[in-house]
Amino acid sequence: MSMMQECMEALSACMQACIMCADADAGEGMGRCAAMCANCADVCDTMMRMMLRTTGYDTQVMMSMMETCVKMCRACSAECNMHAEMSEHCRMCAMACDQAVMAMEKMMGAMKEMMPAS
Amino acid sequence: MSMMQECMEALSACMQACIMCADADAGEGMGRCAAMCANCADVCDTMMRMMLRTTGYDTQVMMSMMETCVKMCRACSAECNMHAEMSEHCRMCAMACDQAVMAMEKMMGAMKEMMPAS
Amino acid sequence: MSMMQECMEALSACMQACIMCADADAGEGMGRCAAMCANCADVCDTMMRMMLRTTGYDTQVMMSMMETCVKMCRACSAECNMHAEMSEHCRMCAMACDQAVMAMEKMMGAMKEMMPAS
Amino acid sequence: MSMMQECMEALSACMQACIMCADADAGEGMGRCAAMCANCADVCDTMMRMMLRTTGYDTQVMMSMMETCVKMCRACSAECNMHAEMSEHCRMCAMACDQAVMAMEKMMGAMKEMMPAS
């Protein structure tokens, strides 16, 4: 349970960092970074909403969405890291993405243990 | 009913035009336009979702949200119109915003007629 | 700044409580509460996103959205309070809505002070 | 291009059908259907937003999100189909999910053809 809470907090923080980064990027003409951050914000938002809706859990869908969210956060972090030295918002966004990845990987590990062998 | 359908279609089209405009703006360093379009997309999305949830109608909240959505679309249209001549995505976004405003004003007129005098 | 941070945290917490409440409501046949909570979650989400996009600030639109968000949170809290004694998720959701209202009213007070007299 | 337009229209229609279905479900105590529809609406919304942001395309992330969206729509359709005979909103939602699946599979087929062999 606390692992799930931790994961949702990391997703919420990542979504917020992504929206701020996309906003700042746009004024600097960093189109690709802005678009990836905007996508990452929406993916994290949806991931968090799905985790909050315990009544609708479907393990297959949940795992698939979490794997997508990890890929999205990794891609966003890689993009942001390319300009982390010159822009603080990118450095913070990359960090928030990395934190979200770590929290989700921990969560997926626990989910896999709970799934029946197939 | 068809008035409501028309309104939701205009909101959906506006949301899509806003996301495309924000995406293109970011690559061109048009930060303010990108941010207003991103906001307008989210406001239209939420407005449409509220209209679809007929079980939760609260006339006061609905009217207030629609007035906000009209203001948001007008502000976004004004911003986009400033660069509509040089960028096609801004011209299309401004048009979609104007259409959404017209559809909502028609809808609010009908809603006001249905409300009891107070 | 810290007032704004506080406000966004209250909005994020409110959004999360609303999604959990809507999810639980649905299994209990509480349709109106579920719909109001789903609406309130979307409105708070959009409000928070707008606050994070500092590049696109438009005081008129921001004030209007915040007033709408206050009305939405009040309506949701009133609905949830009707069944707060029998369902814990409604009690928690109503509390989160009330916190969000307080944080936004503080914020709007400060915004009004900064606006020029008209 | 028209394939992409078709896909986004199917996603938009699916999102709308899902929100209406979730709303009606909640009043009928159909908690699991409501939660799956709410999740499906958010996943489709995010999928559509990602398709609209052409500047941020990352083929790996896009494919992964589309596969997740297909799984989500399939799971939602399966759930809705269980009560499609007694509730019209479930029948319509299942149909919209199936349409979205078809449009995305067509799209993914075309995307795979464009990807380099690896």
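Letters are used for the chains, namely A, B, C and D, taken in the order the chains are written, and counting of residues starts over at 1 for each.
Operating definition for what follows: a residue touches a chain if its C-beta (ideal position, glycine included) is under 8 Å from a C-beta of that chain, and two chains touch if they have at least 3 such contacts.
All figures in this text were calculated on a predicted structure; none of them were measured in a lab.
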item	value
Given subunit A and subunit C, the chains that contact each of them	B, D
Farthest chain (mean CA position) relative to subunit A	B
Distance between the centres, which are taken as Cα means, of subunit D and subunit B, whole angstrom	23
Centre-of-Cα separation between subunit D and subunit C, whole angstrom	28
Distance between chain centroids, defined by C-alpha means - subunit B, subunit C (Å)	20
Residue numbers of subunit C (touch at least two other chains)	23-24, 26-27, 31-32, 34-35, 38, 45, 49, 53-56
Partner subunit C, residues of subunit B touching it in the complex	31-32, 34-36, 38-39, 42-43, 45-46, 49-50, 53-56, 58, 60-61, 64-65, 67-68, 71-72, 75
Parts of subunit A lying in touch with subunit C, wherever the complex brings them together	8, 12, 16, 19-20, 23-24, 26-27, 41, 45, 48-49, 52-56
Subunit D contact footprint on subunit C (complex, rising order)	22-32, 34-35, 38
